[in-house]
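Below, subunit A partners subunit B and then partners subunit C, in two separate complexes.
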Partner chain A sequence: MDRRNFLRVVGATGALVAISPSTITGRLYASTGLYESYEKVQLLNAQGTPIKLADLKKETNYVFNYPYVSTPTILLDLEDSTAKDVKLKSDDGEEYIWKGGVGKERTVVAYSAICSHQLAHPTPDDSFLQYVQKDKKTMACDHGGVMVCSSHLSSFEAKEGCKNISGPASAPLASVVLEIADDDTIYAVGVLGPDKFHEYFKAFKPEFKKYYEGRREAKKKVKESATMVELTQYTKEIIQY
Partner chain B sequence: MKMNRREALKLGALSVAAAATMATVTGCNEGAKPASASKAGKKVCKHKIVVIGAGFGGLTVAKELKKRDSSFDVLVIEKNETFMSCPFSNTYLGKIAGVNLGTLVHDYAQPVEANGYEMLHAEVTSIDRSAKQIHTTKGIVEYEILVMSPGIGYNYKGQFPNWSDEKIKHIQRIAPGALIPGKEHVILERQLVDMEDGNVVITVPSDVKYRCPPAPFERASMIAAYMKKEGIEGKVIILNATNKVSKGAAFKETWKDLYADIVEHIDFATIQDVDPVSKTVTYHLADEMEDKGYKVKTVKYSVLNLIPNNISSPVVEMSGVETTTDGFKKVVMNGCSFQTKTDKDVYAIGDVVAHGIPPSGQTANWTGKQCADEIAHRLHGKAFELEVKKTPVKAGNVCYSMVSDNPEEAIMVTHDFSWDGSLIKGAGHVPKAPSGIYRSSATAKATRDWYGGIMRDLFA
Partner chain C sequence: MKKIITTIAILLLSTSLFANAEEKAQLASDMREMLLAVELIQKGGFYAKPIMMKEGVKKLKTKLAILESADASKYLPDGKQEADKFANKRARMIEMYADDLVLSIDADNLDDALDNYTQIIRQCTSCHIRIRSY
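Here is the complex of A and B:
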């Protein structure tokens, strides 16, 4: 959503003005209970400069941790326009609408990089879950342009809200909702879809100790800004079949 | 079952005693009163869906049913008090860093709490399908829908008709198959830790179908890695009744590269007898030049892992459903389904199904999910067809084998599942790593990740 739209909605009815901005954002994105707004966070590069849409390389895995300091998100400029208003379903059968990518051509998307099947995710040591370019094929899926989890070989359609399309995963990857400011800088504002944060925090206690000084620290929310780097800088080893 | 008030009153009116045991009549979780539980043959409870076996298949179908509809009344009957995994257990035998018994053992309290099904720890002694009753060591359980996920048994009698019951028991104590988790793996691990120099002999079942086809070969690799680490002088000798080796090219490449002096794989070696006193295995080695077509050979062992032919768990025979005529006696399925052909109210999943899909932990997990879908749709009165009937399922099975330590490396196979008009079939694919060889450290990481993930699926 751009600033103008945001203002228009706020201006539409006086009653809304009293509601906090995040609540309004939440209503705009969510037709179901599957949207949760988090801190509004600006994406910065490793040098601390805000990243603009134009800086993004096409079909390149970028990672930043959001909405918690330990939960990785993968951001992609898919090059091609994404689908619009894709109807998705959590594994509880709850439906939600993924509105599509952001940017001029609607090519930029972000997904919570925690597999909806068994929580595989990029860590500083290795990554089993990442985007596979359109011209590549994997054992998990007969075409590219998908997020692939190479732990149990699930794949997710990147241009359709990361709908689960093959393998044991029975739900999409949750998407991280982005906003683009007038100057083309990028913000993350919330999470749409069946996120796995609760299970994630339960499952990886030793890992949190190793990377984040413990679970308590790992569960802190990211505030104001998040550093985004390419996956190859984020992790030592990319594992993909 | 959620007994309705009228039924409860009826029961209560029948006898005062019945009212006193109401708690155990309506549900037979571990809170069941021992007084009624002690009398096998007495009805203890009735549930809408009863699952036999809390392994990879049973835990999955129970969880997935509750996930699809939390009002489903699901009971799991399991004879063991705690769970122990067979997948990943060879890394325990290989003494890979950070793997211990705790890696393999899980409690059932956690999944019962997390998923909301009930569990009864009892052994099934017979099944009366006409009365829809399961007789167990803790009483009779009634069902409306039964899912059998009982896993395998061993067919020593079929493979060694001349062995007495005493001999079979003795062999099971000194040379366990270690495909059924629990004491067997513990015995084998103890023997390996205790062994001095000498040979470890592993025998491969002669029947085509057995649980986890790569298991003997992964085990050989892991034990070879262990012997190398510990400086134990000796060989790991695999006596293979056929010349089939699951993930064969990948295992053989590893043995050649890493264990050329340790692992010896012998084709067409049919085990005949074991002499526990002299610690000798006698086997027939196929040889067309000989009169009888074979040579009689012997080999001495320090540790013997005799993996006997597999057969469906006795639970399948108790149920009386139609099985295949081969040695394994697989459950004949009702077309592209996990319903049995014999009884529409009885389903089967996991290792015992007659579909052409590999008997692995991951496949059992997959079949559990499919079966839950079938049953949930049926109970909701909706038509349903398995997805695999329409489109092939990519990588329905993925199976990793750890083959070396320092550095840890593994190999893998995937199976795409498809419906061929009579069975669900799996087509295997063993990929090479980018390095050009099969094994890689990335696959070893994937092996650990796979195991952690599927344990979370079943237990968390």
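Here is the complex of A and C:
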């Protein structure tokens, strides 16, 4: 390529990006598969001790806030192995691959507990969103083993990346990516899928005042460690239809 | 004896049906009043009249208090009574946004006040989506 052609290519690319910056960001987004890495955070119990995989009870809703101090995540140790490399689609049609659970049997998963439909989420007062055990049925879904949002009765397949399977939700729940250290302790490292953090921070300003002393505090990122408790300890009332 | 028991049963049934119908009629009336209150908030927002917005909030909260103190399962339509806790939560959320709307006006932040108004509408529609099965 001669100098003139090189300048033409550079100029045309520059102009394209200036007109539409999303040309570049869109490519990056697609190549990373809707993944965003956040602080690497170790999960601790209420006493401040690191939680190990072996400590987890099967099919129990555990909650910790991640990646922000106000955004709840539900962690589960499912009874069965999860699916592998599940192809999922965000509500704007972008595809991404959910790799599966972690642990020896690939049973441990974590999902952002903010409903992709209308942002229902566990609060210290109540929770309309939680995992429903395999042997239970709800109005939202004819089988268990699913995350259910009892606000508008959406359900999400827990062993398949929380793919939306019934109800008005048109996207999966975003998943929180976990890493397991050699000593079996658990870390959260990022978020994969269509997270709803932007809408969440916009919608619940008065709630943040009540629970976190305001939106600015609520938007702080979790650093180093997060306390994980059972949902029954996190919230006063679990509502499930 | 049979006649007396039948008469009492019919009386009890009709009284309870009447009470139920009365509660539902009252709910419909309260809902219309709340709609007017919400319209007043919107009008105040459009004409940049904070006092009008506050007046709307006041009217809305008066009716909300009645709604919150009632047993939602009694006035929800047939087949939707199970959504009582959901309906109560929406009412509490509306109250929360309404209170914050007034705080935003007092802080001279009309943008935030209008955001709160949007969220009030969102709570209303959220409940109607569930109850009316849109």
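Operating definition for what follows: the second predicted complex is superposed on the first by the 208 of 241 C-alpha atoms of A that agree within 3 Å, B and C clash if a C-alpha of one lies under 4 Å from a C-alpha of the other, contacts with A are read in each partner's own complex, and residues count from 1 in each chain.
In the analysis below, a contact is a pair of C-beta atoms (placed from the backbone, for glycine too) under 8 Å apart; a residue touches a chain by one contact, two chains touch by 3 or more.
Here the structure is a predicted model, which means the values were calculated and not measured.
Overlay on subunit A: subunit B and subunit C clash in the combined arrangement. When the two complexes are overlaid, the chain among subunit B and subunit C that reaches more residues of subunit A is B.
In the overlay built on the shared chain, the residue A:167 is in contact with subunit B alone; subunit C does not reach it. In the superposition on chain A, A:175 contacts neither subunit B nor subunit C. In the superposed model, A:139 makes contact with both subunit B and subunit C. In the superposition on chain A, A:205 makes contact with subunit C only, not with subunit B.
Residue contacts after overlaying the shared chain place A:128 against subunit B and subunit C alike. Of the two partner chains placed by superposition, subunit B and subunit C are both touched by A:241. Stretch 397-405 is the one among 127-135, 163-171, 397-405 or 415-423 where subunit B clashes with subunit C after the superposition on chain A.
Of the residues of subunit A, those at positions 118, 126, 128, 139, 150-153, 168, 202-203, 237, 239, 241 touch subunit B in one of the two structures and subunit C in the other.
Interface of subunit B with subunit A (complex): residues 67-68, 362, 365-366, 369, 393-395, 398, 412, 414, 429, 431, 442, 445-446, 449-450, 452-454, 456-457, 460. Those residues of subunit C whose C-beta lies close enough to touch subunit A in the complex are 82-83, 85-86, 89, 96-97, 99-100, 112, 115-116, 119, 122, 126, 129-130. Looking at the complex, you find that subunit A touches subunit C at residues 118, 126, 128, 139, 150-153, 168, 202-203, 205-207, 209-210, 237, 239, 241.
Residues 91-93, 115, 117-120, 126, 128, 139-142, 150-153, 155, 166-168, 170, 199, 202-203, 237, 239, 241 of subunit A are the ones touching subunit B in the complex.
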